[in-house]
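First subunit A sits with subunit B, and in the next complex the same chain sits with subunit C.
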Partner chain A sequence: MALEQVAAEYDKEYGVDYVDLPLREMPVTADIHSYDDIDLLFGFEHGAVIDYWVRYTQARFDQKMTFGTTAVMAPDAYPYLQSGQIEGLVGGLKGAAEYETLIGQPGLGTRGMPAQQWAHLLVIGFIVLGNLGYYFTRKRGRRVA
Partner chain B sequence: MKRTVPLLITFLTGFFLIVSFFVPHEPFGQLEQRLLVWFAIVSGFAMLLGVDSLFRAHLRRIIRAREGRWHSLALLLSLVVTLVVGIIGFVKFGSPFHMQSPFMFVYTYGIIPLQATMFALLAFYIASASYRAFRARNTVATLLLVSAVIVMLGRVPIGAAISQFFPVAQEWIMDVPQLAAKRGIQIGAALGAVSMSLRILLGIERSYLS
Partner chain C sequence: MGSTTMLIGTWLAGFLTLAIFSFLYKDNPVYKLAEHIYVGVSAGYWLIYVAFFDVYPMLIQGFQNETGLEKWILLVPGALGLIMLSRWFPKTAWLSRWPIAFTVGVGAGLGITANLQGYVMPQMQATLLPVTGWNIVSLNNVILTVGVITTILYFYFSKPHKGALGWMARVGIVFIMVSFGASFGYTLMARISLLIGRLYFLLSDLLHVID
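Up next is the complex of A and B:
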């Protein structure tokens, strides 16, 4: 409902922000009346909300959009990116770090990459251990048989 | 009559919603907004029924001293406390979502840390699952295992440091096989949803009436 409301004078329904400041009085939203006034929409999303944005906003109003999502959700948005339904995608911590590098302002995303790197290496270590255990268990089973 | 009227309401509502999706202008655009408001109201009542059912089930468990009663007690206490602070926030600040509202205090200092804890615990489940699931049992499982390792290495700096192959291969896996599978699932799910919707609109699927 909210996504469609933006199509025509959204401030009739959503006239204030979360601290009750009127959107019409903010420079950033003062001249925005509908999707026609938004050149590029950037959404920080999780869950299936991107599907709704694409279905209700991009498909119906031809709105240019780009999204920042969690790494888990990024694969769900890949089809929309490849088909050109969304303009760009900042996927997970890696996407955030890449974006920070692109604009030359390293921040939280870049700082978080070492932690993610070690987490990935730990999981790979578990996979290797699991497979070694599996291999030797099977080998021993064959020898006993 | 008992069946015809609900079927007619279902058909007309679905028909108008489909038309309004493709014609977002008056009078259909307005009608769609109105129907969405009705949907929100009906959803509110459905949620109320859900809360009632949840409350009764857990209260019964506490009264009958069944296993897990302490968890039920924690759930009911949390439910009541959240409801009370929500009402206080509404009365005092006009909305429970006001930043000074006690509801937002519970949300910021209760729910968010608990969710963070849940996510942190997920790391151990993922580690345990990767240990058990990615075993080279056969060719398909080995392919999955190799793909997982390439993606995990390709998405962190050490992958590129080892070899440029990892980020490139990671990108290819995500852009080609992953995307093909994802798109297949999405198209399949959409076709399923369309066929089920048509069955409901045309009155072929009537299980919701029983």
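Up next is the complex of A and C:
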């Protein structure tokens, strides 16, 4: 309901920010009255809120939107990207690193990628080891039986 | 004053981070303390958030500032909110079904159209892709179409999974496993990212070992 409220003079219900500053007096929101005044909506999401944005806002008001999500949420958001319901997606640390590379400003995302890469390689190694252990245990079990 | 508060906050955050990490060794009182603080702070945060950003501005201030029907209609959500608290008392607990029914009704009313309009139809539309031609786009479309159809067939339980249906259901399992693998990979990335973030905090903000 809150998302639908933005479609018509949202500041009637949400007129101030968290420290009671009127949104109408801020340059960034002064001329925004509804979704019609927003060319592109960018959301930083950590939960399933992206579903609400797409299903209530994009679908009903044809709002162009793009998201930066945590890596956990990214697989759930990719279908929206594939279907063209959202314009772009920055998924997790990888997405952050890709975006930083795209704009030519390496930051924390890019710096975190080597550690991320080695951690993934380690887990892949553990998965292979675990499967080999499972395979040989089962083989030995079959031989004993 | 500001820098002292920052310093205390950083050391407190460092202590709580290490306290949580101590669970890697074994469950202990320091970990329990950090865990309880985390749960308490989360609950307190949301209580304050709902009270000061929802209930107070929308209900109490709304009632004070509005006139006519827009003022008096606020008594309905106010009353429903109070009735929800009747769950605390066994004799009147049944009353709470009314606000729950109202919430479920609103959720269903909004959700059914939103899901059809914003999820089911666009996703179906995005699956109806051309599979003609010999190029990489067509190959991708074929994989997507086969994946969707076989995955749906895997969840078709009205007939035994034998013969052609069984074969297609097995193909569906492969796609489901690939999907689970992608989710697992991303979840792993998220957890490692959190770990990187915490270690960066410890080494940078707390110990100033790295920039």
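Some points to look at:
Everything that follows uses one rule, which is that the second predicted complex is superposed on the first by the 145 of 145 C-alpha atoms of A that agree within 3 Å, B and C clash if a C-alpha of one lies under 4 Å from a C-alpha of the other, contacts with A are read in each partner's own complex, and residues count from 1 in each chain.
Everything below uses one rule, namely that a contact is a pair of C-beta atoms (placed from the backbone, for glycine too) under 8 Å apart; a residue touches a chain by one contact, two chains touch by 3 or more.
Predicted, not measured: the structure shown is a model, and the values here were computed from it.
Contacts of A:P79 after superposition on the shared chain: both subunit B and subunit C are touched. By the touch criterion defined above, A:L129 reaches subunit B but does not reach subunit C. Legend: residue contacts after superposition of the two complexes on their common chain; A:V54 is shown touching subunit C, with no touch to subunit B. In the superposition on chain A, A:L108 makes contact with subunit C only, not with subunit B. Shared-chain residue A:L121: touches subunit B; no touch with subunit C. Once the two complexes are laid over each other on the shared chain, residue contacts for A:T137 go to neither subunit B nor subunit C.
Overlap of the subunit B and subunit C interfaces on subunit A comprises residues 1, 18, 60, 71, 75, 79, 82, 92, 94, 116, 119-120, 123.
Subunit A contributes residues 1, 4-5, 7-8, 18-20, 60, 71, 75-76, 78-79, 82, 92, 94, 113-114, 116-117, 119-124, 126-127, 129-131, 134-135 to its touches with subunit B in the complex. Residue ranges on subunit C touching subunit A, taken from their complex, read 53, 57-58, 106, 110, 114-115, 117-119, 122-123, 125-126, 179, 182-183, 185-190, 192-193, 195-197, 200. If you check the complex, the residues on subunit B that touch subunit A are 21, 24, 29, 32-33, 36-37, 40, 97-99, 123, 126-128, 130-132, 134-137, 145, 148-149, 152-153, 155-158, 174-175, 178-179, 182-183, 186.
Against subunit C, the residues of subunit A that register as touching in their complex are 1, 13, 16, 18, 51, 54-56, 58-60, 70-72, 74-75, 79, 82-85, 91-94, 108, 112, 115-116, 119-120, 123.
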